[in-house]
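Two complexes are shown next, each including chain A; its partner changes from chain B in the first to chain C in the second.
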Partner chain A sequence: MRPDDRKYMESHEWAKLDGETVLIGITDFAVDELSNGNEGDLVYCDLPEVGRQLEQGETFGEIESVKAVSDLNTPVLGEVVEVNNEIEEHLEILAQDPWRKGWLIRVKPASKNLDHLLDAEAYEALIAAKAQ
Partner chain B sequence: MQETPLHDAHARLGAKLIEFGGWHMPVQYGSILAEVRCVRERSGLFDLSHMGRFRITGAEAVAFVDRVATCFCAKIPRHAIRYGLLCREDGNPIDDVLVYRDEGAIFIVVNAANTQADLDWLRRHASDFDITIEDQTRELAMLALQGPASQAILQKLVEGRDLAEIGYYKFDFGRVCELDGVRISRTGYTGEDGFEVYIPADEAERVWNALLVAGKAEGLAPIGLAARDTLRLEAGMPLYGHEIDAEHNPIEAGLGFGVSFKEEKGDWIGREALAAIKAHPSRKLVGITTDGKRVPRQGYSLLRDGRVVGHVCSGAVSPTVGKHIGSAYLPLELARPGETVDMDIRGKLQTCTVVDLPFYSRTR
Partner chain C sequence: MTETWRLITTWGAEPAFNMGLDETLLRSAHAPPTLRFYSWQPDTLSLGYFQRFADVRGTDRAGAVVRRLTGGGAIHHVNELTFSISVPRNHRLYRGPIAESYIRVHGAIARALQELGVDPKLRGDDALLSERPETGMCFHKSSPLDLVWDRRKGVGSAQRRGKTRILHHGSIKLGPSPLEEEVATVASTGNTVACEAFAPILAGALAQGLDVTLEAGGPTEAEREQATDFGARYIDPAFLKRR
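Moving on, here comes the complex of A and B:
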């Protein structure tokens, strides 16, 4: 069961309240779709600058694997206050630990209400439906 | 979606299967980059049963092919193979093909995605000719072994025939895995030495498994379509829908070796248009490499001094070249090794350098 301390998007990003800010990353499912379990097949991650204002649902970056590029979508409206610069040089972190060390950006949200996102159970159901 | 006779074998091997040209095909079994390296260093096994295969018989088979294809069919020696294209009157291709000169027949291998369109085109132009066109796609599986160890591996399963006697772009029929009359050609889409074999569909899985066992010592591994695409791009080979299509002709793609203007061949569909392009080409297909982190992808714009001068046709992470590579058409004055262009990825620019194709050649 995927962590229930956070919320999820249909496009496989996760959002976790952390004090006054929201940490954003991608799920193991997304990483697996991109790299098929081969961390060496992750090639690049494009993250925004600190200070960038994000609109809800906007693309805040891209993640690239050997075979494809995927958009990174923002689950909340707000300002980017921190970026995980370690990721760009160590993409394998996404394969090894997408939930903690693999966070991508930290956002100061306009609202801390994440009700519009999927809870862990709903996300699991979405994944299960995809597997069919 | 159609399934090849090896579908279950791929699933058992843990392949990630995707839709490709109307078929459920393995895109990768493990790491794409490792699969590319395996072919370059040892040997890889490919299921190509999705590709279309036609057999043309009848008194005018050769004349028919000389009318619809760009290569000079009448000049192909018995048991040899030539690359060519099926083009429209405007010189743009419907597909690129391999033409096999059998005894009393012509065998043509086409791209999976274009099989039906090719068949329709051939049938449309068949009425003036005394020929029969047979679609053999479903009855024959097609496997490829590509890489330096390929001959040694395949030879273990071939009786009474020394594979060294089958030269490049030649074929013969032999006894493979106790099956007689199996077509074996020294052809491929990777730039490595290798073979393609045509097996009756109901025997395909047995032969596939036998090859994996026979090739174990040499490090043979199954290879998916993602690695296949990288290998062919490294080898400078075109893929229909990328380097050639309804708007990109074989002359500007550098495929003139597959286009014959010899008088003896007679007139053929697209001859006049391609002759005109040959006299005055306006662009050229080139390779691009980049030291930057982003991978060239089909459709990305290429700029020079802020102006769009071309678009990426194909792109890949290349473990063989050691940088990211791509192909693109550029105006003639920019299509020279050493020229640079900027690749536009959502507004961010990355420098690319023009190089001649191919990026990799085993004979260099």
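Moving on, here comes the complex of A and C:
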């Protein structure tokens, strides 16, 4: 079971309330899909500048593996207030700990309501359906 | 009943339009699954999305330069058939590990090439004679899923996974390029085919291999306009040299 302390997008990003801000990352499923279990297959990640205003659903960055570039999509409307710059140099963190050390950006949201996103149970069901 | 895909063919289109139309098909909310065949006028060097401009040899020797939305190495689009597949992200063709989607598409390409007398196979663990990673060229760097013949890479492909759709780019080498020496081509096997003649053969193999029906059509007027709008950035020096 994926962590139930956060919400999920169908495109495999997660959003976790952290005080007045929201941490955003990608799920283990997204990492596995891109890297096929080989963390060395992740090669580049582009993240936004601090201060950028993000619309809900907008692409805030991109990640490249050996065989695919994937958009990173924004779960909430808000302003980027912090970027995990370590990720761009150490993509293996995403494979090792996508839930904590692997956060990508911190956003000051216009609203702390995350009800428009999937809870862990619904996200699990989505992943299970993909496996069929 | 098999699924129907649209087949778009645009020969000799401008580089910016080629990339703009593929982005239109990737970002579209309503486009049907689409297979596209195209060629380039003038010959064009396309950089991988994350490549550094300075790391690619030959940017001053091609008729034009663009940066693709898909990753990987640079490709000199000359004497080749270029294709793109754009489908919803949850399409059955792209479910499961990314590797499996390459195997499905490359299997169909291999069958099409076999009709020309070429005998391609997945590279697997084989060492290739076309490896020249210092050039920054896609065809000079290989992975186990690449299609090869005569121990050289002859097909390059890469995917972009958008929020709602997937774009799969591919290039099949029909003849030589001065920027891609030592790669496999159809011509290097003693066979000759033009992209316009190979396209229907590949269309048939993809339709059969992917279990779809292809219906010839063009981009809609709205798609053409969007492609022109999106296309401008692909030749913009700021985008080309963003890295």
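By definition in this document, the second predicted complex is superposed on the first by the 132 of 132 C-alpha atoms of A that agree within 3 Å, B and C clash if a C-alpha of one lies under 4 Å from a C-alpha of the other, contacts with A are read in each partner's own complex, and residues count from 1 in each chain.
Everything below uses one rule, namely that a residue touches a chain if its C-beta (ideal position, glycine included) is under 8 Å from a C-beta of that chain, and two chains touch if they have at least 3 such contacts.
Remember, predicted model here, so these are calculated numbers, not experimental data.
In the superposed model, A:N73 lies in contact with chain C only, and not with chain B. In the overlay built on the shared chain, the residue A:E64 is in contact with chain B and with chain C. In the superposed pair of complexes, A:Q56 makes contact with neither chain B nor chain C.
By the touch criterion stated above, A:N38 is placed in contact with chain B alone, chain C being left untouched. Between chain B and chain C, C contacts the larger number of chain A residues. Residues common to the contacts of chain A with chain B and with chain C across the two structures: 36, 43-44, 46, 62, 64, 66-67, 69. Within the complex formed with chain A, the chain C residues making contact are 49-50, 69-72, 89-90, 95-99, 102, 143, 145, 158-164.
Across the complex, chain B meets chain A through its residues 16, 27-28, 30-34, 226, 230, 293-295, 297, 316-317, 346, 348.
Touching chain B in their complex are the following residues of chain A: 36-38, 40-41, 43-44, 46, 62, 64, 66-67, 69. Of all the residues in chain A, the ones that touch chain C in their complex are 11, 33-34, 36, 43-44, 46, 57, 59, 62, 64-71, 73, 130-131.
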